[in-house]
Amino acid sequence: MKSATGQCFQLSLFGESHGPAIGVVIQGLPPGLELDEKRMEKQMELRKPRGKISTQRHEADRPEIISGLFEGKTTGTPLCILIRNENVRSRDYSRLKSTPRPSHADYAAQIKYGGFQDYRGGGHFSGRITAPLVAAGAIFLQMLEARGILIGTHVLRIQHISDQPLAQDEETLRNQLLQLGNRYLACLSDLAAKDMEACIEQAQRRGDSVGGILESAVVGMPAGVGEPFFDSVESRLSHLLFSIGGLKGVEFGTGFGFADLCGSQANDGWTVREGRIQTLTNHNGGLNGGITNGMPILLRSVIKPTPSIYQPQSSVDLNTKEPVTLQIEGRHDPAIVHRARVVVDSVIAFGLADLLTERYGLNWWLEDSACGAD
Amino acid sequence: MKSATGQCFQLSLFGESHGPAIGVVIQGLPPGLELDEKRMEKQMELRKPRGKISTQRHEADRPEIISGLFEGKTTGTPLCILIRNENVRSRDYSRLKSTPRPSHADYAAQIKYGGFQDYRGGGHFSGRITAPLVAAGAIFLQMLEARGILIGTHVLRIQHISDQPLAQDEETLRNQLLQLGNRYLACLSDLAAKDMEACIEQAQRRGDSVGGILESAVVGMPAGVGEPFFDSVESRLSHLLFSIGGLKGVEFGTGFGFADLCGSQANDGWTVREGRIQTLTNHNGGLNGGITNGMPILLRSVIKPTPSIYQPQSSVDLNTKEPVTLQIEGRHDPAIVHRARVVVDSVIAFGLADLLTERYGLNWWLEDSACGAD
Amino acid sequence: MKSATGQCFQLSLFGESHGPAIGVVIQGLPPGLELDEKRMEKQMELRKPRGKISTQRHEADRPEIISGLFEGKTTGTPLCILIRNENVRSRDYSRLKSTPRPSHADYAAQIKYGGFQDYRGGGHFSGRITAPLVAAGAIFLQMLEARGILIGTHVLRIQHISDQPLAQDEETLRNQLLQLGNRYLACLSDLAAKDMEACIEQAQRRGDSVGGILESAVVGMPAGVGEPFFDSVESRLSHLLFSIGGLKGVEFGTGFGFADLCGSQANDGWTVREGRIQTLTNHNGGLNGGITNGMPILLRSVIKPTPSIYQPQSSVDLNTKEPVTLQIEGRHDPAIVHRARVVVDSVIAFGLADLLTERYGLNWWLEDSACGAD
Amino acid sequence: MKSATGQCFQLSLFGESHGPAIGVVIQGLPPGLELDEKRMEKQMELRKPRGKISTQRHEADRPEIISGLFEGKTTGTPLCILIRNENVRSRDYSRLKSTPRPSHADYAAQIKYGGFQDYRGGGHFSGRITAPLVAAGAIFLQMLEARGILIGTHVLRIQHISDQPLAQDEETLRNQLLQLGNRYLACLSDLAAKDMEACIEQAQRRGDSVGGILESAVVGMPAGVGEPFFDSVESRLSHLLFSIGGLKGVEFGTGFGFADLCGSQANDGWTVREGRIQTLTNHNGGLNGGITNGMPILLRSVIKPTPSIYQPQSSVDLNTKEPVTLQIEGRHDPAIVHRARVVVDSVIAFGLADLLTERYGLNWWLEDSACGAD
């Protein structure tokens, strides 16, 4: 349903880039959760632009909790988070209305909303709308972590520069995710991170932009979660991931690599490790038949290069239908892949928390020993 | 919602591989559509196993319409399609309950359903459940075609063998989609098709299996369709695509290829062709900000190798937690990628028809000149 | 969503009065429930027409379970119930299309479906569609009964003849509900039942019809169930109740009687009985703020007189817009209130089972001691 | 879904009585609607407490539009309305946690939310939460009025004092609804209004409270709107109406009066008036088979006496399970039925606007001549 999503929990997003505020209403949270505001602050911090590799629009992005929190704990009734837009530059954006920027939503939005959309700074299509998503995500990440479920994402690739892939072994993987938690341009290898940073800065100097691939993992998910036929884990997570502006591909486990494998190479045989049923390999990324099998969930997503570049581009005047050359101005990100990382973590957290509640019920979050279904 | 999906229209699937019948209830169809039964028959035919490259379980798969059709036209009330299971072999499947097959849903389902799932032939997880989906899809394909919207999919790659990619130019693309409509192992190049067929037969002889990549296109979609934030076209289509068993990756437009491009290379500049606003390139696969921009929708999806292979595999006995060697018997597909093609078309058709109705209303399907919103 | 409903569970109804079959798909059932087929049979029996007080169309109404049941137990995947239409009389119904029957759906359906609806015997609007609802309801009643939750309904009033109201005291109430379970025209007082039966027979002889009031109660519901703001227990139950054809009013507890009471008379004071928190009176029908308070849920609903009567009535010819006198023929019920009783029980059972799952999770149905949340 | 509702449009409510603000997010509005702020102001004014017949807590209740409005027109993206809580008295409410007030949600909420609910002033259960509902309702009322659809409600009865019922004749009815629009304690008869006011003041002096019956009508609805089976107009409206705190009964047309009528008395014969198909009577309140038939929609709802009274009442201490006598303090309404009127209008407006969109599509609101389906 448009800017609202979820089955047991629901997020309802609102706001525009240049309006007074943006925010989100979260429906269905369990009551009595002690909100870790530091956790939320940290997530917001990781999403903020920093240095030359991000936009120069700096917002405080302090989430204000309007409802659903009482004496530091969730009430179980709707929790609304409001984030003020403070650093809005008064500029004339009206040209965007008639001259769509390449690979932006301008033209599609113009047709869909008949010209009534708030076009300033992308309006509701602005990347700013992911700020309340990250604030909401922090709550779900905290809930999952309390149940031993850890989510993390690193930048696997930017422009031919690759980080080392995440480990297959669960113990190592858990440590890697913990390490990534505090990094800004999050790579496992410091060298890769430096190269990527240099690459983004170079693009920025050229007035150009770059995209990249994010690799995510989830450890600690119990087996048996997911709702086939249409609500497979892959379905629910991809639905959320593809909501993120500029995200154009999602693959689970071996993903597109499956095309060149035989079944005898691709199948994940079963084994027993320390009394637990596990697979020998994890080509399926922890998901069989759309349901978790207890192995780490592995997925990759691709973010296209930021479409706002400072080079002259081909556009048309929608009124006259004449070709025009467009020169974009203002403050823009030469890359968003490093900032999108926490957005990806946030929607994965929301998606899995929702599926866990569908499977185990709301009380699961309140019990001492979770995952009673195993 | 589990085995039901859709916003304006709804599909509710039911059935198991070895039960009396499988089927689907379609809610919300417009009244007065003359059902093209030949169209449905053709789609069912394209999904059926043929030759050595498919399973030897042959089912008539005749869709029986139980409700919602009166004097050859839809009534506007729920349309139920029933398909009998006729060629069911009586075999002892109970071993599957305690000895999960690698990369199948057996173990995950065992945990989720506590052992009460119908495990015979995969039960509700069987590929057979896609038969009613294809029957339903035929109705939505017919509706879209009547509005000038054409959907098609070909096998782009199987095991290092590649078909030529779909054309960029809309006219050529439309012709390609029409050609593909009648092919079984659907490639643009006959040579590629033959090589792929040989490759699958080889795998079948080895008791092995293969996967592959499907490339799909949609021409004729009006601009302005899609429901950001959470119901982008990518979100809705990927949600449906990832419901298909064995489908492990989806990318739109240039997809994962975006990682190595700069914005100046990746951006789709605007132009005017024959009075219509179009893009110079189509890296975004017809979708900006989650909304159609009037260009062809382009997407690729990957199907993993069929997990049912005839070689000895590692499994465990769930009761004793001891390792066992599993030897799969029965009738299985050495590849499903060629049969999955029409399933992919079916869910894309459903997803787009649902989004079009959300945008233009139910009457749109009944009007003489569609797409009045432009 | 049209002919589908539910949050954790979902019913998707299909079928028409004169089509080959009617049925329902139930999504989301917990796995491992042993289906009590006798229970379902009994419910179907109570819905069937009997004697002169019902229609002379007699159908076997044997529910055939197509999917979702394996070795006598639910699988957790969709359960489809099919009921054949067997006693269909070939008659010319086409006049209904142009000459709407008073107080029937004919005209409204004609406008909504543009004349494409199956008008034979009311089509999808026929009371027959409640047959699969009763079959589905039997499953939910069985689930609730296993958790100590009992639902029952009696005919409180038909045409100035009143049965005694249900008891306030929970123990007596539980016994009353058990007694009602086996009665056809279900009254607490045999005398009232006889008078009502005579009244319906009289109406039948006059070619007329009657309506009536049903009173329902639920005992054993745990406190704390219901989802404010918009999913109050009253909201969810009334939504389902008003789906029943001819049902035109619903009130909870003292209902419309509240209009003449002061707060000091209407308030339900709190007390402690045998260690349990209870109310001294139950004007609120077990519901405060839309949430159960542990007291019996009490509600009344009204069924209008069956619109099919054998007296000449005013209609219009929709083609010529001329007034015409309509004489209804065929087989019709002089009252449905006594048959509607089990339909009411069925939708209440579905609604409460759905809300209980939303509150406690799917596992609640499988646990030894339910209602762990208290 | 809890505090969110709607199929094509969605309301997501948030806030508590004593938090910083309350509000609502509206999803799915058509773009380009010029918002009539005066209309919204007027509705807010009618909901505000006035004189001795209402609470003495006075709030400015100025709706602040945070998003979804640009240059005075809706953008088509989520519209968020925020209303500050300004007149909050610092008091110790903690006793409410352990000593539930009779007929309030206190105990039920305590069990549901485990004591974590914000109990100050009723928290999310406070009548204040209807303020954003009225603000949202003003938008839908405005949209309907622009299409010729008028909604109005009057106080039909308070404590044996009755207003005259609404007219049957559509022209008179439309005039009555227009008159009612500006009245505070809205009756057709000034005398009845005065008597009711005196009755409420008397109750207030006694420290008591009263309830009442509201009668609502809708004129101008096109025929053919409503979504059987489960989404009948009655189902959707009652779902919304029963969300309103203290509303305990809903009946359509003749409602509970049907119980004493025969079919020959109750049936609404068809006729033609000025070329339009109409009914001779309107016992069905404009709804046949759950679908509008073009006649005025008529419904009545009952509001129970406000549970907050100033007389000593029976309660229990939830910790000790001992009986206690409760004396409620603070500022409370001796009646809410006169203020609830605009809340009832608001939810009816939302419900019908949602159903109209489901039937005719979003563009219907933007077209010059609406109701193209006829």
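Order as written gives the chain letters A, B, C and D; numbering starts at 1 within each chain.
Everything below uses one rule, namely that contacts are C-beta pairs under 8 Å (C-beta built on N, C-alpha and C of every residue); 3 or more make two chains touch, one makes a residue touch a chain.
Please read these numbers as outputs of a predicted model, since none were measured by experiment.
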Requested in this report: Report which of C-D and B-C is connected by more C-beta pairs in contact.
Outcome: C-D
Report task. Compute the centre of every chain as the mean of its C-alpha atoms, then state which one is farthest from the centre of subunit A. Result -> C
Query raised in the report: Taking each chain's centre as the mean position of its Cα atoms, how many Å separate subunit B from subunit D?
Result: 45
Query - Whole-Å gap between the CA centroids of subunit B and subunit C - result: 39
Report task. Measure off the straight-line distance from the CA centroid of subunit C to the CA centroid of subunit D, and report it in whole Å. Result -> 26
Report task. Going through subunit D residue by residue, note those that touch at least 2 other chains and give them in order. Result -> 1-4, 13, 77, 112, 124, 228, 359, 373
Query raised in the report: Once bound in the complex, which stretches of subunit C touch subunit A?
Result: 8, 77, 228, 357-364, 372-373
Requested in this report: Quick one: which bits of subunit A touch subunit B in the complex? Just the residue numbers, please.
Outcome: 1-5, 7, 11, 13, 100, 102-109, 111-112, 124-125, 129, 157-160, 203, 208-213, 223-232, 234-236, 238-243, 245, 247-256, 258-272, 275, 277, 279-280, 283-285, 287-294, 300, 302-309, 311, 313-316, 318, 321-323, 359, 373-374
**Report entry** Complex interface listing, subunit C residues touching subunit B
**Finding:** 1-4, 6, 10, 12-16, 19-23, 25, 27-28, 31-32, 66-68, 70, 73-80, 82, 112-118, 123-124, 366
